[in-house]
Amino acid sequence: MKIVMAIIKPFKLDEVREALTAVGIQGLTVTEVKGYGRQKGHTEIYRGTEYAVSFLPKLKIEIAVPSDIVDTAVEAITSAAKTGQIGDGKIFVYSIDHAVRIRTGETDSEAL
Amino acid sequence: MSSFKLTHSLSRMAAAMTAALAPAVAFAQETAPAATEAAAAAPVPDKADTAFMYLATILVLFMLVPGLGLFYGGLVRAKNMLSVLMQCTVIGAVMMIVWVVYGYSFAFGGSTSAYFGGFGKLFLSGVTLDSTSATFTDGVVIYEYAFIAFQMTFAAITPALIIGAFAERIKFSAAVLFTVLWATFVYFPIAHMVWDANGLIFTMGALDFAGGTVVHINAGVAGLIGAIMVGKRTGFGKDMMAPHSMTLTLVGAAMLWFGWFGFNAGSNLEASGGAVLATINTFLATAGAIVAWCLAENFTRGKASMLGAASGMIAGLVVVTPAAGSVGPIGAIVLGLIASPVCYFFVSTVKNKFGFDDTADVFGVHGVGGIIGAVGTGIFTAPSLGGTGAADFSIASQTYTQIVAVLITIVWCGIVSAILYKIVDMVVGLRVSVEAEREGLDLSSHGEAAYHS
Amino acid sequence: MSSFKLTHSLSRMAAAMTAALAPAVAFAQETAPAATEAAAAAPVPDKADTAFMYLATILVLFMLVPGLGLFYGGLVRAKNMLSVLMQCTVIGAVMMIVWVVYGYSFAFGGSTSAYFGGFGKLFLSGVTLDSTSATFTDGVVIYEYAFIAFQMTFAAITPALIIGAFAERIKFSAAVLFTVLWATFVYFPIAHMVWDANGLIFTMGALDFAGGTVVHINAGVAGLIGAIMVGKRTGFGKDMMAPHSMTLTLVGAAMLWFGWFGFNAGSNLEASGGAVLATINTFLATAGAIVAWCLAENFTRGKASMLGAASGMIAGLVVVTPAAGSVGPIGAIVLGLIASPVCYFFVSTVKNKFGFDDTADVFGVHGVGGIIGAVGTGIFTAPSLGGTGAADFSIASQTYTQIVAVLITIVWCGIVSAILYKIVDMVVGLRVSVEAEREGLDLSSHGEAAYHS
Amino acid sequence: MSSFKLTHSLSRMAAAMTAALAPAVAFAQETAPAATEAAAAAPVPDKADTAFMYLATILVLFMLVPGLGLFYGGLVRAKNMLSVLMQCTVIGAVMMIVWVVYGYSFAFGGSTSAYFGGFGKLFLSGVTLDSTSATFTDGVVIYEYAFIAFQMTFAAITPALIIGAFAERIKFSAAVLFTVLWATFVYFPIAHMVWDANGLIFTMGALDFAGGTVVHINAGVAGLIGAIMVGKRTGFGKDMMAPHSMTLTLVGAAMLWFGWFGFNAGSNLEASGGAVLATINTFLATAGAIVAWCLAENFTRGKASMLGAASGMIAGLVVVTPAAGSVGPIGAIVLGLIASPVCYFFVSTVKNKFGFDDTADVFGVHGVGGIIGAVGTGIFTAPSLGGTGAADFSIASQTYTQIVAVLITIVWCGIVSAILYKIVDMVVGLRVSVEAEREGLDLSSHGEAAYHS
Amino acid sequence: MKIVMAIIKPFKLDEVREALTAVGIQGLTVTEVKGYGRQKGHTEIYRGTEYAVSFLPKLKIEIAVPSDIVDTAVEAITSAAKTGQIGDGKIFVYSIDHAVRIRTGETDSEAL
Amino acid sequence: MKIVMAIIKPFKLDEVREALTAVGIQGLTVTEVKGYGRQKGHTEIYRGTEYAVSFLPKLKIEIAVPSDIVDTAVEAITSAAKTGQIGDGKIFVYSIDHAVRIRTGETDSEAL
């Protein structure tokens, strides 16, 4: 089993979720994060004091999936989250040892 | 009797002011010869003036909290929000008590000194429900309690204005101690000098309708000295210190505008034409200053900001404070149009040059705006410029007087404030520790956090 | 004619009050013999009093929303914010309608009962634009509509005060139903008893200038019973239940202070010296109480908190409510200095001992502060203590009367409230489900969330 | 002299209004023959009216900021909060300057045209401290500056009402430019038509006590056209666009309620019985509308919401605006009870059918509520329904007149607004780019963010 | 060494923390997240505009533990966080290469 | 490829970011978290009700880096984030299977 972790632009959340649902993924966890990368931030000025804001609002999505559908998930996210403009974000995939559903104690792929 | 004449002469204004500041206390009258009493046919307060002063007085309280608290509080980081609200609240409360204990006496206690009101009215001694204070109109009086309450709100808000300058690093005890000392040795004397018939600046003929000198220049200078002596915030110029809630800052500014009508119109002491003039001027100078600040920002950086509009709002209110009762509506707009670009230039350029850390720009807005207003009052009161000055009004001589008044205030306030900061530093210390500053004053000084979910 | 005399005798005050509560309705006059009419030379309202009462009335509305809504709302968790605002708003609106339908009649409908105003003025029957109500001064009247509107705001805010006690778990329907029943069976009767010339407590000679008994003790007791009968919040004593916005709580408290001048000064019913006295006392008791609460906290836990200062603010306002028109300024400060430590001790120690869950400390501040104020009014009205009581004022006998009035209120309110809670529980249920409580009342009861990004 | 008669005839009201709109300027009098002067025994303003109008005027400012700013601001997403506050503030400031430059003249400049006040008072030419304006009562005048300031606040808030309709996507420059043009070509003419003695609608005998037509229908229609012509927000109907702070929306609504007493009672121009009636009606219509909106929601979706209560509050205030001075208290409640369900049906059903994106429901609340109020005034002014109409009042004919007035306003405002939006679109463009919209107007238009931690 | 990452219902935090302390775990990091899964969200209506809120507030807990006490930790969390109702959350376990304590530079199990 | 995940004190963010930039790392994602550990929290009192706040505000930084510069990254963070006082935080390193840049579809080290 794997976790697919994606950093995306906030306004893309609904599209991404729909794309994932379309490929049969029905659970995910979202975190508000700030990203730093190639995409430039902006400058805010308060009475002459300038602040360069280089961290931009992003959303992090974490999805635990059986290993065999990782590629499907990655593709779904990529196509839904892409705007083609800098700052679209990243996807990282890593393995997990096991998963548990707290309510039932089911484990691994049954837990998802 | 209550109409404010276009030819209202300044000397008459001065004479009336004299009366205003020597309240005709009932107690005093009782000791006077019966003949005098009969002759006097002691005027009684008009109910309309009573209602008017009641409104004006509570409006000034509204300026302090929530107004000033939110205006300043919105500008600091969330972790210091409560410290600002707390300082405004507690300083206001302490000053109200100080005012009835000795402040009113020190400012308006009836002494003939040019600097000091004396000890005659400690604990409001001799003031009764029937005591009255004169106004600017012969034969028109208000309840002395009304005058005391109105002036009490000024004494409450002025020291609180200062705390914006060293917000986010001052010790709570130091803030309270300093402001009480400052009120005692700076505010009361200068209020006496400017508003009492025997006062140094009053007798010079300086015009200060609602406290441009006493309140704004005074607080601005004390703020400047404080910002320098308390020192910069840890992380200043490096860390993000953007206002935690521009929304609250604008709400505070708008509340200040609302309340300022109490400040300015109320300074007329009666619901006559002078109050109406002060009202319309308070609208228009502010409108002019809002527009001007936005234009200044638009020219220099391509965008007008909400903080700019809010700052312009305050700059306009400050600049019209000494002028509200004597300039015309168009003069008020012009004053507003002038004040904003100057204040903007100061806070965005001059301040950065000097590098001091005046958190809420108390000096940049109240100090600088106050000076422009004090000088501008000397100009726009001229009847040729739409003001209500007498026919023989001389711009040159009045402006000279205004400048002298400003300089006296700056020097007195500057020197005494510096000494008081030093003393407070020695007694309780001015600053919190760096750790406490980093954690935020709300937690470290007050054991609370402003926001939870 | 409008000056408030130092020697203003309490009996005269009582007599005038009688008049105040038997409004000289135009309708009634029409049925009176012509002779009486001519003799009366029916006084007309003074415009200044009209302007004054207009201001006082809208100030009390401002206390309810946004004032009280923010004060209480800031104290609850974010997920229950809207439920508090909603209860304040809707209870206020419902009470206004109830007031014109039968509330005014039940309280001031002209009956001679000691407990009940009667049915004479249902739907404001007989009230016209020309109807007038008497004031405390002979020959001075105000429009009856002005009196109705002013009293209507009291009837709107008092039931809303109660909801702070069981906030965060009450059913919305229960809150509205209970408060309407409570107003009907507790507030209107007690308002009649205290303020109507035929009222039980009024005829005893008890002093309650602006509603210490009727409003604060009454709401405080109903809150206490409610907190107990509704039961503790789920997770009480375990979960973090810190105020979600101390900023809003302070803003609300400051708005309450501002609006309270309408409450207190307005209770003088005219813009005379009595209103000025009430004004300055409302400043000073509050200032004293703020300082005292901070000192109490400082001694017991080493820090003064913003919530402490805000609580002191309210405690001071509550304590001076019955006293505002009859104590002197120094007496007002002392009342404030006394109220805070007692309330602080109650909410921080006594309450924890008993273990009930009064979310916003309605009893601890309004109840306890109200009792101190009612009793203190019996003391500090004494001329020897700077009050305006008559020369023959007896502290002992007045204080005794005050205590009896307090006890009657507590007993009546306590018993009837308990019955009403029981009834409401049977009819619609008092509490939401644990799940709804956990989700928050905003979502579960109103389908909304207070904050989004 | 100041009492408002139950039999107050509408024709007399019209006659008095005539006087009100032909201010008796001192300057003008000076040029009149001495004989006239002596005969006139020129009335002077009553201090109580001066105090009253001062209060009413600043209350309307309070409606604009913080009131309206918070009400609308709370409804938008956090990233657009400052843009709303900024538009309210700057439009208000610009309009104040425009008002004294030419607005007052265009509306009340003394011309005899049915559509246009003329150029007689550009830059307040001829207005002095002694100038007075008539009121609805013969012989009662107020300072012309007071009238100018009061009307100025109306001219400041009305254009600002519009911006709620296209919030979250409008260009700042477009918002300011449009509103100034709109004021010039829609507001000033319609104010003249409705309130000036020579005005088209005024001479028809239409009743509009405090501006139901001039302010609310006018702003509502301009908002509707704007919402359509500016187009929907990007993501409308798809993205989450819930109010970022229902708390602030309720605070703003409550401030609007408070300030609206200035709007409505102040429109009586003097502290007489008419102001008292307007006051109690402003309470009751609002209370009725709050309750009715909650009931409507309860029936249709099982829950009453805070936004519903706040919307009902505004709907009630809007509906009573034209009616406040002439209907009775029960009539006011009924108006409120009618307004809410209709507005609710409009915003929750009709609007969705048509699919336009009126961000803050300016049309749905101000437009729809305003129309109900205008028509309802024609009905509930009838003495048989508790109103203050003359004995010969005809519901049918008055209602017909009201409907014609509404239609003229809708047509004029609709057509001219559409043209002006087109012009503004061509000159500066109406909308920001999609990227700017997505980033939020605060950052993209003003370079700031409303909230930091 | 492993990281135990759990998504739980917010009001369960204190119980979970106590359960972990009870088994000797004294460090953890908590993040506010929004979860999407089988548990239904709610609908909010603002003046007739309906928004379906399908993301529910959850807390994510991350705990670095030596591999041998992973099971203890998982059990502690499961029993403390369980309400038996849908939406109780998940636990995911994955391996980490190493850990460092910034203050001291200590690594791996000494860093915890 | 690895992800370096660090929990640090909030006011150290800028220094850490600069240190990372200095060693050539120009992308990272930051999350506001609350930490529980050896560092003591504080007590807040509201009208006599005491709340022990044991979770302290921290920032979590996640940086995807090629495996060979993990040590450089860890060192950079350690030295920049250290104050020497308790609560400085932790660094955890774990492996990821692969990375994708959403905008371009580039993968692995090219995606960073």
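Should a chain be cited, it is by its letter among A, B, C, D, E and F, assigned in written order, with residues numbered from 1 in that chain.
Operating definition for what follows: a residue touches a chain if its C-beta (ideal position, glycine included) is under 8 Å from a C-beta of that chain, and two chains touch if they have at least 3 such contacts.
Just so it is clear, the model here is predicted, and its values are computed rather than measured.
Colleague: Looking at the contacts, which chains touch subunit A and subunit D alike?
Modeller: B, E
Colleague: Could you tell me which of A-B, C-E or C-F has an interface matching A-D, in the sense that over half of the contact pairs are shared by residue number?
Modeller: So the equivalent interface, with over half the same contact pairs, is C-E.
Colleague: Rounded to the nearest whole Å, what is the centre-to-centre distance of subunit D and subunit E, using the mean of the C-alpha atoms as each centre?
Modeller: Once rounded, the distance between the two centres reads 53 Å.
Colleague: On a C-alpha centroid basis, what's the spacing between subunit B and subunit F, in Å?
Modeller: 48
Colleague: Rounded to the nearest whole Å, what is the centre-to-centre distance of subunit A and subunit E, using the mean of the C-alpha atoms as each centre?
Modeller: 18
Colleague: Find every residue in subunit C that makes contact with two or more other chains and list them.
Modeller: 46-48, 51, 55, 240, 242-243, 301, 305, 307, 447-449
Colleague: By the touch rule stated above, which residues of subunit A touch at least two different other chains?
Modeller: In subunit A, the residues touching two or more other chains are 31-32, 44-46, 94-95.
Colleague: Which word fits how the chains touch one another: line, ring, star, complete or other?
Modeller: Per interface graph, the chains form some other shape.
Colleague: Strictly by the criterion at the top, what is the full list of touching chain pairs?
Modeller: After working through each pair, the chains in contact turn out to be A-B, A-D, A-E, A-F, B-C, B-D, B-F, C-D, C-E, C-F, D-E, E-F.
Colleague: Please give the residue numbers of subunit E that touch subunit C in the complex, ascending.
Modeller: Residue list for subunit E touching subunit C: 11, 14, 42-46.
Colleague: Spell out the residues on subunit A that touch subunit B in their complex, using ranges where they run on.
Modeller: 44-49, 51, 53
Colleague: Flag every residue of subunit B that touches subunit D in the complex, lowest number first.
Modeller: 2-6, 46-49, 51-52, 55, 59, 77-78, 240, 242-247, 250-251, 254-255, 257-258, 261, 265, 270-273, 275-277, 279-280, 283-284, 286-288, 290-291, 294, 301, 303-307, 309-310, 313, 329-330, 333, 388
Colleague: Considering only the defined contacts, which subunit F positions touch subunit A in the complex?
Modeller: The touching residues are 3, 17, 26-32, 64, 94-103, 105, 111-112.
Colleague: Considering only the defined contacts, which subunit C positions touch subunit E in the complex?
Modeller: Within the complex, subunit C contacts subunit E at residues 235, 238-239, 438-439, 443, 447-449.
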